[in-house]
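Below you'll find the structure I mean.
Chain lettering (A, B, C and D) follows the sequence in which the chains are written, and residue indices restart at 1 in each chain.
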């Protein structure tokens, strides 16, 4: 059986890229295997853990639930694209300083989801943070330090935008 | 003389005796002596136990040197998560 | 899986979608694919082609005109929850859409998919039915319109014929003094499938309920509209803005009695029955508050 | 918040630097096993049993072998049969069934193909004929007289019997005279308890890449808590020389005990050997839930006697651990976890029982949560019945140094009392219980373990250092190693690079388990550093022209009278001329792991119409000995607590009658999500462990022990219900409320 592959063109982390993928390939697999962007992880493959979270046109999505060709023409941001060059995003910095990661497998997904939240809601309550991150599972931290780090990043981002 | 403290499931070899005085300058020597007196017990202590001496649990304690008045507690080996 | 490779197509118009479906036996439409992708992974019979409806403008539009709300069937749930006008008018349906999984899921999942998937536990369906939603279906070369309540016929089964797909839903502006609410029971606070759900819509005039709809999810093969609970509400008067206990007990009892649930890994028959009553009662309280607050 | 006994002033130990591996993890560069791809790599997929127990009559792989992309197929016949009694025999059988499948999900063949889809299609095309055998799923069925055998291979450990049995082990512990004590007691309470299997739930599925070369040498990249164990188990299962195998630890995406054994590597190795290509295997989440982990389910009966003023006089207990399809140590360990009070009279029996379910694995403080749930529930009921404060009752009876453990050996210095006092004096316990809520208390402990570790410390020419260990870092241990090295050497912690090296680049090191990494591997690091400091003093003496005895090491510099201090980088710069590279390796088998106690306090609200329990506030106090990096100590406490809350409230295995797990997904196996939990307040209690140079006890295990009873006790005070079975899911609570 010959497998035909579709040519997909999109923007990933600010760069225009193209790749070939079978239509039944998930966007997550395409990012990891075709583009070598292994920051997004597969924890479940069913949209229940959020480790594969990416931004698609500014919105957080589980890349494991998307067919690769759906990315055509879209603007995608993965964890690899959150920092500005050497300058970490405030979320990345507060996650480091706040010990918001232990094993680190869920971290890329949390950073992307938290960025989506703060992009839309710069001053979320603790409850809003917890619900916004409910699609991301972490088994190491009990979420405490993640939530606190998002709170701290929100403070910093609000200060920076003032 | 060192005293060997046995867990309950060791005691079926010793007619229920829980504490037994045994000569020996290492845990291994104590086990060998216990095997002499209670055939079968030695294998169980060698393969199924750690030894607690002076409040410290030792895995594979055969060559651990002990004092003349040591209390040697044979305890189940631990693994962790 | 064997010997056949699934293809993906993204038509720009409804007509293109119709053609793709008729030209490709074994094809199927999708919007969010939040259930479809896991099903394909699990090795269940996979479609020959998946037809992505999200690139059809009309199918992702939320419009309010002439007292009606046409809502594209492939509109992500998040577009409904973020739409302030929609949420002000249909707070219960909006909150139901906001309960379909995580933010990640809500950026993909749609009312059309939630309904056409025909899961008895679909969160948006009871509220859609409570608001008398109509479904516009692409059928043959034209369209047909049916009540949303008529789409699902059993778990995983619908009244949609081969080649048919839902284009949009229409809702009428609710009458003045109307409020709706949707509550569901899940073991966690998020990320679960409803064990039971209840949508209630009431219209209140001069302190008396003039109209009511009560629809339950996850307690029967399809959504259950509880006419006995509705009857208990219609004519009920509110004292200090609240229903009396007798009314609420009647609503709860009627809702519990209307259930035809199953035992499964998520809940028992007894639990579903009991909690459906609790949820119906609580949703009625919230709906009445909203009706009186001009929500 | 930290409660600390007097101790030396440290410069680095106890500080909170950014972890060394953190940057890679926040920018997506950290390499986990599934992130690695090798040229020409194939993908391996397992065929797993759809039956709970069956004899394999035949396996026909011919169709699969002819399918597109398929390069190799293996079955049990491709692996050597290990002799009865071989320590890895059960591991080998669990990896690949031989003749009999023991649970739904048991691997019985595997395929390597060019793509994962091709491998999956071929695996599905393998034809197997089964002869079904009885499926045993519960402890009661398994222990019933005349019960069919779960696994004909099993013998009860140390029973002396060679008869097949469904019992894994029987461990009695006894002291004093419980019968007389119960007779004399003013109050005796006896209760029964039950807990479900629970999975470790690490977010990263098991994964490996294995490349077996034409010379027969195997390169393995693995997600494991112990790559030396991957090596030894793989060697044993394949009957290979250890030296053929090199295991490189990838970053590990959580383990919690579940990655202390292997499921993939020998299979990938055989597939690679057969195909001549590297083979990658990544489990699906469904496979993880069906075929790895879980912690044992349990049943317990606990009876405790007390005097009217709250002195606990006797405990009699039986606890059965459902260990799954092969033997393990759960019962042995569980017996020892039952008593953390001064019971003068004690009679305990713990058994391990087999069922046709996945082989259970360690999970954070293995066997202790189940035991503590039972004991702490009864203790709480005694406090209530006697009208005593639950902390006062525990303080009155808590074990201290010298009191016997359940197995008789006296406890070393421990901090149970200090933890109880920390909660008693906490803001949380001192605050009024919120309206509509109730408060629960629970405690727990874990012995912790030592075991073997190695560390190499290299000083570089510019005065920076590399600390190389063999302990996979599952929660921030690299930062702890660097902190201890910084303290010893007197240099900035970020001038130190901590590395977890492969099996050919560092000395043997046991698995990261039992909270041993910071304790035992940390000791190896400290020993290596101390030896290095001696060498640095000798080199400094040469440079300064003084006797080495005249040199002290103070704050990162050699100090001798009448000489300017010679900082470390000045010495390393002259390493070549003073004797060559500065490097030391230390290895040890660490004894003296210190038990860590924890006391938890939580407030819950119960929705009496739906049965839903909401955790409103949670505080944990735990004895860390000394917290090397307090942020990661807190993280261990919080993470363990969250897992315990999941165990208490919603996590369970739901099986069909034929042994199929019905909830094998993260949708229906419900680990707590962020919105389920409050902040988890931490109080680090520091009662230093005298056996460690910095007093470390190890903190990873204990956090999961107290939450089960802590929440159950709070639910009791909210509703009057004494919950005897976990999880306390809404349907279970509502059913109990309906019967109240």
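Everything that follows uses one rule, which is that a residue touches a chain if its C-beta (ideal position, glycine included) is under 8 Å from a C-beta of that chain, and two chains touch if they have at least 3 such contacts.
For clarity, every value in this text was computed on a predicted model and none was experimentally measured.
Across C-D and B-D, the chain pair carrying more C-beta contacts is B-D.
Chain C and chain D have centres, each the mean of its CA atoms, that are 43 Å apart. Rounded to whole angstrom units, the spacing between the C-alpha centres of chain A and chain D is 29.
Separating the CA-averaged centres of chain B and chain C is a span of 68 Å. Residues of chain B in contact with at least two other chains: none.
With touch defined as above, residues shared between interfaces to two or more other chains in chain A number as follows: 1, 24, 45-46, 48, 131, 134-136.
Of all residues in chain D, those that touch two or more other chains are 117, 200, 256, 284, 667, 672-673, 675. Interchain contacts (touch definition given at top) occur between A-C, A-D, B-D, C-D.
On chain D, the positions that touch chain B within their shared complex are 157-158, 160, 170-175, 200, 256-257, 260, 329, 332-333, 335-336, 362-366, 405, 407-412, 446-451, 513-516, 589, 591-593, 691, 700-701, 704. Chain B meets chain D in the complex at residues 5, 7-9, 18, 40, 44, 48, 52, 55-60, 71, 73, 75-81.
Chain A contributes residues 1, 3-4, 6, 22-24, 26, 45-48, 50, 53, 56, 59-62, 64-67, 69-70, 72, 113, 116-117, 131-132, 134-136 to its touches with chain C in the complex. The residues of chain A lying in touch with chain D in their complex are 1, 24, 32-33, 37-46, 48-49, 51, 78-80, 82-83, 88, 92, 95-99, 101-108, 111, 126-127, 129-131, 133-148.
Listed in rising order, the residues of chain D touching chain A in the complex are 16, 18-19, 21-23, 25-32, 34-35, 37, 68, 117, 200-205, 251-256, 282, 284-285, 474-476, 631-632, 634-635, 638-643, 665-667, 671-675, 677, 679-680.
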